[in-house]
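Chains here go by letter, A, B, C and D, matching the order in which they are written, and residues are numbered from 1 within each.
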Amino acid sequence: MFVHLQGSWNPIYGRLSLHEIPFKTQIIQGAFFFVVLTALAVLTAITYYKKWRYLWEEWLTSLDHKKIGVMYIVLGLVMLFRGFIDAVMIRSQQVMAIGPHSAGYLGALHGYLPPYHFDQIYSSHGTIMILFAITPILTGLMAIMVPLQIGARDLAFPYLNALTFYLTAAGAALVMVSLFVGDFSHAGWVGLIPLTELPYSPDVGTDYWMWAVQLSGIGSTLSSVNLIATIIKMRAPGMGWNEVPIFTWTALSTSVIGVTAFPVLSAALFMLAADRYLGTHFFTASFGGDLMFYTDLFWIWGHPEVYFVVLPAFGIISEVIPTFSEKALFGYTSMAVAALAIAGLSWMVWLHHFFTMGAGPGVNLFYGAATMLVGVPTGVKAFNWALTLYRGRLRFDAPMLWCLGAYALLLIGGLSGIMLAMPAVDYSVHNSAFLIAHFHSFMLLITFAAIAGYQFWFPKVFGFYLDDGAGRKAFWFFSAGTLAVFGSLYALGFMGMTRRLDYIPFVQWRPPLIAAEVGIFFYCVASYYLVRQLYVGLRDRKTRPAGADPWATTRSLEWLTWSPVPAYNYPVLPVVHGRDEWAWRREHEYVDRVPDHYFDIVMPKNTSVPLLLGALSFGLGFGLVWRIWWLCAVTIAGILLVVIIRSFDNHTEHTLSAALVAKLDGGEGGLPDAPGSVNPYPSPMPVPFFAKTGAVSRCADRVASTLREGVVAPGPLGKGARR
Amino acid sequence: MPSRDRPRALYGLALICLCLGGCQARSVWLFHPHGAVAAAEFHYTVIDFAIMILIVGPLLVATALIIVRYRKGRNARYDPHFKKSRVLEALMWGVPIATVGVLTYFSYQAVYLADPYDPTAIPRSLAEKSRPPPTAGRTSHFAAYPRSNGTVRHGPQVDVNVITTDWQWVFIYPRTGITTVDRLVVPVDTPVHFRLTSATVVNDFLIPELVGEIDIMPGMRTKLAMIASRPGNYRGYSANFSGGGFSWMGFTTTVVSRRAYRAWTRKAARAPDRMTYAAFDKIAKPTINLAEKPMYFSRTQKGLFDHVIRRVLTGRVYETPLRMTENMTKPLYVKVLH
Amino acid sequence: MSSYEEEPLSHPEVRDLDVRLSVASFVATAALLTFSFMVVVRDAWSIPSLSIAIALMAGLAAAAQLIGALQLTLAPSRRWFTACFLLCIPLYMLTVGLTAWMFATLYTRTMMPHLMP
Amino acid sequence: MSGQEAIREQGLWDRKDVHHDKIGTHTLGFWLYMLSDSMVYAALFGASVVLGHRMNAAGGPMGATVLHPLSAYWETLLLLASGLAYGLALQGLKRGRKALVLAWMTVAFLLGAGFAALSVHTLLALIARGITPERSGYLSADLALIVYHALHIGLGLVWFLVMMVQVAVFGFHPNVVYRLLNLKLFWFFQSFVWVLVFSFTYLRGVLI
């Protein structure tokens, strides 16, 4: 039944043997030592500060959507770092390996990477950046913000939320393991067929790629299910579809794509797996397979996937720009309709990824026109943002700058996108550096927006500010880097340079490549400032606590609750009176954050089951990669068993009594409050694990005591108004 | 990097803006098409860009002006209630839709002009060359183009069957029976019709100055047609990653006059080697084309192209050792044009 | 504590369960599929008309399953289910239909069936 | 409406304390998951369309040689009857009668098991005749669709067992109720898919 494989296999270790650990390659040695040392340092630090219990109880087994979101983002940032290192390596190789007379280092003929190694690096760069960096960061932001924005206590399925996180983490772990045990795929992040078929990739690289993508894909599908169910079913009282915040609209559109498009990827990968493991002929060139069918299925997912990541980015921009323009978003309805239209149209454009396949002109024309049509709602969004800025009072805090950068990139990327949408133009620049530059315009738009979102909502989640100055410096260097790298790549595209070259045959491509390398340097500086921003924020967290409404001109519901957000989000669910509820309340001076009554709150208990399932999935992936069949059988049985046993547990929730909530939230009757004030009784949970426990609350206590002494006048709904 | 290249690098760095603009640098291949199909593609690139910049340009400028004007503290008009306008919203939906309409019209023209299987750009360019003055309407975009089954089709034409292997290009001239490897020689101003297939994985045929891309897929046959308008050497290569030797997978296209082409045909027909099915198997063994050494074969076994497709369809695989590129330390010589 | 958690059987989705619909969908589906099975086995008609008959019967039977068994109706408790499914229908059509269309053109343009033994 | 009026009508904070509708949320979430699963089916149907030409059989068996409408017809009736039995079990749920639910679920399980046994038998018979997915693209696509459906049926049967135990142990706990409703969605969705598989793969397939 299973196909015959090259090399040895034994029932216990499968294909795994000591040869598969590439300890001879210097670069991998270096990476290995780096990873091991970092891991050791982290583990030692956790042990030294005795944080294991805290880590386990407050984070790893938590079902709190904010903590899971934070873990998503941390995972995304770690993988972003890895992907960035890959990018640095790609650009350095290309700038070193130009022309026949370029020297080789570390055993390579040109540059410092042999082709096979280089091919794995760009494949992992693409896979990591799209699926394990950008997607987790955005999913994390959505997981944190959507329940807060719609006034819910948590996502609809908190347990599923943790599970999807651990599935994504298992995928990421597979990618990381591939660095040291075996190889990664050399066939690009898209899995170029038939290069991924067994005869051309007899190694385990493709399997690593396949199962890592499969795991994270299942994770994304399920997290999308979770978000849609949350948005449909759990909106706060009074929030009709006209009052849903715009980021939630984009989260909904994104999730629609996630639910419908990711399964197609799963199907494609299952068929590919059948080809590789069982010898079927879905995508082989021989015996009646059709290799373009893989490309077709992949891009049925792949194109919507682009919108899957770009829509939340649009949502972030649509939240940040109004805040720092001090006015409402222009054209709310258009924006919501545009988000849904993008999600819908994304389904009929996928063939533009292979215009050159040789399909008829009619087919190409149809897909070209459909592709241009996607530009319409995207254009609408751009116009709306411009009109939101118009007649505003613009402040240029770091998040705003990042959003404006994203806006500029949207216009540039959109322009080149429409150029590529014309089949005849695509014939000449398909698979060229121009294409690379185009989709990196969009990927960087997303990165800009994701960084904006991170800086925008950071004070909400953690209760203190990030350093604004460092954030701005990071923005300028990041923009300079983007301009240098992708400006050069646009030019190189017209010069005829194609993608995925590990050796550059033509010396006239050197100047732009050098410029791109300079851009990489700017990126390094920018990432230094991003780290510094976090560091300074952490250092000064005691002196600069963020209030519940840190930007003072925010609009949607999430700014109504405390910063850091209590575990139950809202002590009592707020009633929504209109679009931009918090702006409405501020305008009408109903700024009291403390309700006059409390109820019992039912909260999910912590559980380690998702972590266990994630670990089992990782084991399953690893077993499948190395064809260790006993491990596969054990993990599959384990997963089934764990799911069934968990389903017999009916005591997965605990209740916070109304009295306890009242105490946590500021005492019976509550405290008067004003915008910008601090939660006087922060729950201990939302403090980041790297911050010392107690520091924030001590500082908050100080502020709270000043408040009690009557520095701030009571809100309009004073004690008398409470029923 | 050898030191003699350094001044050029610095020079290039200094002129980076110029290079980014692409201006008149001859190395910006796509801006200097030497074939009707590539010219059509470039033409529509410019049209597409021009139409889009009409929208994007003003929007960028307007946004920049807004950002400057409405900064906080500049006391420009602040109107927090400006959040809805029927007219503006109708415009922002309408204008892009209209633009898409226009672009789709041009797309429609271009897709037939540059259709790889049957580009009408070729008969059109031939018609322009053979007929003294082009009619007034013909240069307009709104005129009908002569279809490919028009009067100019019966002229001389070169057929080339292209087979890609890991990582070489095999060009078969079925009419003369000549086969070349990594060297394509075609006459100027003559339509060249390619049939393409791959013996191993997917490649993409691309000669940036002459013609756009078409996929080359194992077990399938795609077609491509081009015409070169100026003699010279042009670089061709694969645009779709195909494994370890991909970066070296180039070939030189030499466009010569028709007379020189006939002379070349005669000369190549005297080459000692013959291209048989067995000889092809040898060529198809994974080879990295580090030193560009074109090969010539005088006679080709009949039906080699179909034979390769048939073999692929029935499961023939030219296996590629993954790590063969790991230890590429041979000294090499690569001939570089331009 | 919502009332449904105390009395799950009072939930509208439980109350809206309708055994008559299940029976009706079973009868309808079985009859339709029996019909198309019979015409195919008897080989009564030409292939195109058989194909049309099969597609028609399949469509009706699928509708019977969706409305009867899965209860995709407009009842308040079922609306979202129906809406979600309806929104997916275009996607099925795109996934299968557009794919079929473009591979049909691709076959005529690139495939070499006569070279297959 | 001015701010004061709005406040007077609704208040700033929720007064009813309605928690989210757990059963409704779970069934909707599961339905969304089923729809995502249906996209996998769509991709597999796409595969059987794309790989359904004579060329894709690569000279191997095709159509009536591989597919047996008669056994598929019996499978159809079994699956539909199993669905009907589960419908009757849910009627028991509506009336809150545990014994009725358990009895009909057993019937539904047995009928479903009959379907599974028949399809495994068909697959084994094909393999015994050397008709395996490794033979051609056509067989890969067709059998993938059938096997994927059979896998769902297998999982569904496990789920039936688990639910029968849960009904017996917990009675009509909200968790049990929403799982029963989810099982309904799952099980009927498989019969919906089977209607299409039977019509297009089996009946249409033998015509080629």
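Assume a residue touches a chain if its C-beta (ideal position, glycine included) is under 8 Å from a C-beta of that chain, and two chains touch if they have at least 3 such contacts.
These numbers were taken from a predicted model, which means no experiment stands behind them.
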item	value
Chain centroid nearest the full-protein CA centroid	A
Cα-centroid distance, chain A relative to chain D, in whole angstrom	32
Intercentroid distance (Cα basis), chain C paired with chain B, Å	45
Whole-Å gap between the CA centroids of chain B and chain D	49
Centre-to-centre distance between chain B and chain A (centres being mean Cα positions), rounded to whole Å	36
Junction residues of chain C - those touching two or more other chains	1, 80, 88, 91, 95, 99, 103, 109-111, 116-117
Overlap residues in chain A, where contacts from two or more other chains coincide	232, 260, 264, 286-288, 290, 292-293, 296, 300, 357-358, 602
For chain B, residues contacting two or more additional chains	117, 217, 219-220, 222-223, 313-314
Chain-level touch network, classified as line, ring, star, complete or other	other
Interfacial residue positions of chain B with respect to chain A in the complex	1-2, 5, 8-9, 11-13, 15-16, 19-22, 25, 27-31, 38, 40-42, 44-45, 48-49, 52-53, 55-56, 59-60, 62-63, 66-67, 70-72, 76-85, 88-89, 92-93, 95-97, 100, 103-104, 106-108, 110-117, 200-202, 204, 206, 208-209, 212-215, 217-220, 222-223, 235, 237-248, 250, 290, 312-317, 319-320, 322-323, 325-330, 332-334, 336, 338
Residues of chain C that touch chain A when the two form their complex	1, 80, 87-88, 90-91, 94-95, 98-99, 101-103, 105-106, 109-110, 116
Chain B contact footprint on chain A (complex, rising order)	96, 98-104, 107-109, 114-117, 119, 183, 186-188, 192-195, 199-203, 285-287, 291-292, 325-332, 334, 354, 356-358, 361, 364-365, 368-369, 372-373, 375-376, 379-380, 382-384, 386-396, 404, 407-408, 411-412, 414-415, 418-419, 421-432, 487-488, 490-491, 493-496, 498-512, 514-515
Chain C - residues contacting chain D, complex	1-2, 4-5, 8-9, 11-15, 17, 19, 21-23, 26, 29-30, 33-34, 36-37, 40-41, 47, 50-51, 54-55, 57-58, 61-62, 65-66, 69-70, 77, 80-81, 84-85, 88, 91-92, 95-96, 99-100, 103, 107, 111, 113, 116-117
Residues on chain A engaged by chain C in the complex (per definition of touch)	232, 256, 260, 264, 288, 290, 292-293, 296, 300, 344, 347-348, 351, 357-360, 362-363, 600, 602
